[in-house]
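As written, the chains take the letters A, B, C, D and E, and residue 1 is the first residue of each chain.
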Amino acid sequence: MSATSADDAPVRPGTAAADWLLPALGGAIFLGGWETLVRLLGVPKFILPAPSLIFETLVKDRASLLEALGFTATITLSAFVLAMLSGIALGVALTQNRMVERTFWPYAVMMQVTPVIAIAPIIVIWVGLDRVWLALLILAWLVAFFPILSNTAAGMKSVDHGLSNVFDLCGASRWKRFRYLQLPGALPYILAGARISSGLSVIGAVVAEFVAGSGSATGLAWVIVESGSLLNVPRMFAALFLLSAFGITIWLVMSAVQRALLRRWHESELAREN
Amino acid sequence: QERITFVTSWRAQAEQGGYYQAQEKGFYRECGLNLVIRQGGPSIDPVQLLVGGAVEIGLSSVSDATFHMHQAGFPARAVMAAFQRTPQILMAHPDSGIERFEDMRGKPIMIAGSARNAYWPFLRSRYGFTDSQIRNYTGQMAAFLADRNAIQQGLITNEPNLATQALGRPPKVFMIADSGYGTYGSVVVVGQALIDRRPELVQCFVQASVRGWTDYLADPTAGFAAVARENPQNTPEIMRNAFDSLRRANIVETEETRIHGVGTMSDARWQSHYEALAREGIVQPGFDWRRAYTLRFLNRATGS
Amino acid sequence: MDMHHPAEPLLRLRGVDKVYASGTVALRGLDLDIGERQFISLLGPSGCGKSTALRLIAGLGRHSGGSIDWPGRGFVPGDLGFVFQEPTLMPWASVWDNVFLPLRLRDRPRAQVAAEVDAALDLVGLSGFAKAFPRELSGGMRMRVSIARALVMKPRLLLMDEPFAALDEITRQKLCDDLLGIWRKAGCTVVFVTHSVYESVYLSARIVVMAARPGRIIGEMAVEEPYPRDRSFRLSPAYAEYCRQVSGLLDQAMGG
Amino acid sequence: MSATSADDAPVRPGTAAADWLLPALGGAIFLGGWETLVRLLGVPKFILPAPSLIFETLVKDRASLLEALGFTATITLSAFVLAMLSGIALGVALTQNRMVERTFWPYAVMMQVTPVIAIAPIIVIWVGLDRVWLALLILAWLVAFFPILSNTAAGMKSVDHGLSNVFDLCGASRWKRFRYLQLPGALPYILAGARISSGLSVIGAVVAEFVAGSGSATGLAWVIVESGSLLNVPRMFAALFLLSAFGITIWLVMSAVQRALLRRWHESELAREN
Amino acid sequence: MDMHHPAEPLLRLRGVDKVYASGTVALRGLDLDIGERQFISLLGPSGCGKSTALRLIAGLGRHSGGSIDWPGRGFVPGDLGFVFQEPTLMPWASVWDNVFLPLRLRDRPRAQVAAEVDAALDLVGLSGFAKAFPRELSGGMRMRVSIARALVMKPRLLLMDEPFAALDEITRQKLCDDLLGIWRKAGCTVVFVTHSVYESVYLSARIVVMAARPGRIIGEMAVEEPYPRDRSFRLSPAYAEYCRQVSGLLDQAMGG
């Protein structure tokens, strides 16, 4: 038995080309299979349009679709940023003390399980019909914020106890403790939460528009509803495609952020050499 | 000048053309009304917004709304109704063998939640349907198109056209109005408070709306333009189709309107509808049904 | 000045007990006075409660009985340096930032104390690794970072839990000498846990030997050799004799 | 300065009574404030009913409300169990290899960001109009499963590298590695994900009912829609209250499970003694 | 039979290099033959690549150059026991389960091997802590669990990375004797990393001294004292002489 290694260079992740080959292949197979199935089975385009048709529609209606995407994206990103900030802040606040935790967690859970559709009218009435975007933002935020809150709390509580002792001994202030110990220590959890929330804020923006969208809210949800009710199913799927593409993009960005932040020290992103 | 907000029951479409025509031609402004029309949406409930004070005037697709509002403790009145009968329909596949409402017994029927407290109880008691037939409908026709036994709700102005395109043949269409559900449609609801405080504004709204609808029926060009501007998904064909359907099915114009003008309502219709609702247990009995509407603005509007 | 038994001790432990929730009696009736500027070593078999005692002194965790007093002035958090038995470094920070941590927590500006941090790293022989991350270090190097972190804050009381265990004998000897130098110059108090009899004799003025389960003190010895000490002390017969005595105490601790 | 401690007993968390005093007090203040505000401001009951009125309605309509809750709870719990199993399984599968991860993550994200309302018809077509419960289950599962998947993946990748080496050296099989290393190691992440998903499966069940319910499947979503359209807002709030109570109950159960599983070894649940 | 230089070595390293991604050259041109049933010690300053060498031998991580061969029969995973420099215990499992792990991974039924696990725990003096969790142990106790875990599988090749560093001298001495006993009885091969010159001389037949940056071998010495060795060897002049020589090599390693 022998293990001879000739490469003098340290182990590096594969080249960019090879990295993306398989995913691209997977995508091709997925779309190809869909196209074939739709054609072979003769599925009518009102039920499940072929990818080619969706793509065609996408190109044809790109102007209005991209405009709708722009609207949804704005709500999504605002809600996501809001969810990140509030989720981390609340997660920190909730883990300061077991009592506080016990007292306030139930309300957070309550906010999570209350269906947006039920409180949408209240929010719309509250912010006024003239500020529908604000209602949408609040609703989308409601959908997105819990995972960050929950994961931040879990992360805060998982901080290494030995290090925590070091900070105790140095008489670290609350803020310094948060900034230099808890935040970096909880980062793997927070980022996992952020990846969940990034998707949820997309959904949140769409659902918010479904339930509270009115004249001035013309995002992808609107395209989906309207295309559905006009039986323009390829257009609906084009909107869904854009939505997915957008969601995957945010998710990829979040993954890249995660990699950048954890690459040098955390197991989950380390390029381990043994 | 006080700004009044009027929220419609759905995104801008030809079915609300009369109001848009009035706005487009300045009829509201003429009589001193600073009106903003807000489009509704899938889950925008004008009644809830009205009750919550977010809007002053709401458009409801059925008469029942004002009954419910009173029973919840919010006094409001219907002041006009652009549709003399509801354009709601059920439709079935051309080759489903369904010829009458009775034939739908035992088959899945896709209707939206709002219908379950409106026309559904009538259909149920009149044709022997059961609740287990209900399937939720969220505006997506795919499930209907895929299943030849499926039945779904719709509006005479929209879904039959779409189904015809998709199926290649016109579907079987059944008007809800034919089932004995005697509601008005496109009902304008105003809070009692506004009626008491600024009756002249309500008067203006009704008058201008009736004028708008009459004008729209004669030539919808201005209304179409306004609707398309609000909601660009409305192509000329879609609007034209809807417009023609409204006329063909005698939704806006009937014998009554020929006498009393578009938008008219009558005590008799309100009474019989109330009694029908009470019979089905949808509204509590012993309620003064007259409080749910008023004809005072209409009579003056038509000048009769 | 008698360095070994000053009139008023810095720290006085009386009948200190520590029972963990698991039921383990880690310490039972610990009596110990630690004088200002003393260099005291704690020896004892594995698991006898040395680390526990150190943690209690540092105020980490509550004792189950007895009292821990600071008869003189109390101490402020920054006064205390602790080298834990494990390196406890921040994995997300560079070596430099890890050593800088105590100063950062005391609001000392980075630029102002950079020289001090560099000096501490130099002392433990890690100047070349300032930018490395803890995971890129060997076990002994990590421990040395931890030592640098404790020294950089110039504490009045320095608690060290087997700081040199992972180091080779030469580095160890060098660090022993450095530590003695720092101690004498800064006039701080050191409580030093070690398993090395030689180290304890070489370094400390007083050696306390503990026995296990329940953790308690079974013997104590003064090393009456004047400071500064150097390698010649290591070769003296007195040194050998001290070592023999301490070993005897340890044997006793194991037997008891 | 002196620190004398007289208690010989090891430090224990507070007694049960004290533990629940503050949360109960918080709840009382919350409800009391709500009641007072509603009364003082004269908020009409169809916008925001007072808690007393909600409670009254709850008692009055308890039979039908509890039946609806039962229905929703069944879907919720089934979807949650399904989400747990599939989320963990997929999370494990996706982290076996970077290539697999890159290839399949996008589809998971796609599933997460696609609005349920848009794919409901396809699912209904697929399972048939006669198997409403199955459609509901699938839809609720779709909503709930992503957080577990995502957190499981994050947890699998955070497993201690030193321990992983130990398993390598022992020539551990995939399964044993999973069972004895990755599963327990990822547990803190998985449980954090489960707490997020528990709430989402409640939401999922409700949303599923909104979009694909039937006349015989009348859970809390139906109560909410019906009460809303009849302006019976107190009843709607009673339903929301039940939903919250149910959500909080699952969440508490999950928290208890988490405590039981992590109490002896993980920072986040340890009763630390120093 | 010549135990020290058998004809065909178990393991042959030739010009092994290890460069970490950070650029650190941990090993450069390492040549080393490890004979079957040899007891070999690795000494060297902190950070010289001892741990790295051990990991490469165990097949953990790739070397950047050179070759690592197993000229005889290869080895199956279960043949290799490794005591890492850190305890690397499963925090979620009891001490007993931690020691049981390697046997569990080899599908040995719990009931059947319970006695073996108990014996291993007894060997390291932790019988009373079988049910404790790692976090309830002292540093030295954790390390002993790790040692028990490596011994319980009765490996053919035992790699030990400073296993006794956190232990008191008496426990250490006892474990040294136990280890020698096991080695002789089982006829396994041991590669032992330590910082203690005395330990290395006492235990091994061959001592390899490394120097740092780049990590390389700078000297080697055979300890030609027959086994079994006991405490009398410790008191012999030969022992002192061996220690002096190894210390000299180490001094050289530091100076170089």
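Throughout what follows, contacts are C-beta pairs under 8 Å (C-beta built on N, C-alpha and C of every residue); 3 or more make two chains touch, one makes a residue touch a chain.
All values reported here derive from a predicted model rather than from experimental measurement.
Trainee: Enter the minimum step count from chain D to chain E; a value of 1 means the two chains touch.
Mentor: Shortest path length, in steps: 1.
Trainee: Comparing the two chain pairs, does A-B have more C-beta contacts than A-C, or is it the other way round?
Mentor: Per the contact counts, A-B leads.
Trainee: By CA centroid distance, what chain is farthest from chain E?
Mentor: B
Trainee: Roughly how far is chain C from chain E, going centre to centre by Cα mean, in whole Å?
Mentor: Comparing mean C-alpha positions, chain E is 28 Å from chain C.
Trainee: Where the centres are mean C-alpha positions, what is the separation of chain C from chain D, in Å?
Mentor: Distance between chain centres: 48 Å.
Trainee: So, what's the distance in Å between the C-alpha centres of chain B and chain A?
Mentor: Chain centres of chain A and chain B, defined by C-alpha means, are spaced 39 Å apart.
Trainee: Among the residues of chain C, which ones contact at least 2 other chains?
Mentor: Counting only residues that touch two or more other chains, chain C contributes 20, 55, 59-60, 86.
Trainee: Where in chain D do residues touch at least two different other chains?
Mentor: Chain D, residues with two or more chain partners: 47, 117-118, 121-122, 125, 160, 165, 210, 228, 266, 270, 274.
Trainee: Any chance you could list the residues of chain B touching two or more other chains?
Mentor: 45, 48, 52-53, 140-142, 146
Trainee: What part of chain D is in contact with chain A in the complex they form?
Mentor: Interface residues on the chain D side: 13, 19-20, 22-23, 25-27, 30, 47-48, 98-99, 102-107, 109-110, 112-115, 117-118, 121-122, 125, 146-147, 150-151, 154, 157-161, 165, 188-189, 191-193, 195-196, 199-200, 202-203, 206-207, 210, 221, 224, 228, 236, 240, 243-244, 246-248, 251, 266-270, 272, 274.
Trainee: Quick one: in the complex, what on chain A touches chain B?
Mentor: 44, 46-48, 64, 117, 120-122, 124-125, 128-129, 210-215, 217, 222, 225-231, 233
Trainee: Which of the residues in chain C end up touching chain E in this complex?
Mentor: The touching residues are 20, 22, 24, 43-47, 50-51, 85-86, 132, 136-141, 144, 161-162, 165-172, 195-197, 247, 250-251, 254.
Trainee: In the complex, go through chain B and note every residue touching chain A.
Mentor: Going through chain B, the ones touching chain A are 5, 7, 11-12, 38-45, 48-49, 52-55, 139-142, 145-146, 158, 162, 165-166, 230-233, 238.
Trainee: Please give the residue numbers of chain C that touch chain A in the complex, ascending.
Mentor: Residue list for chain C touching chain A: 55, 58-60, 76-78, 80-82, 84, 86, 88, 90-93, 101-102, 104-106, 133-135, 149, 153.
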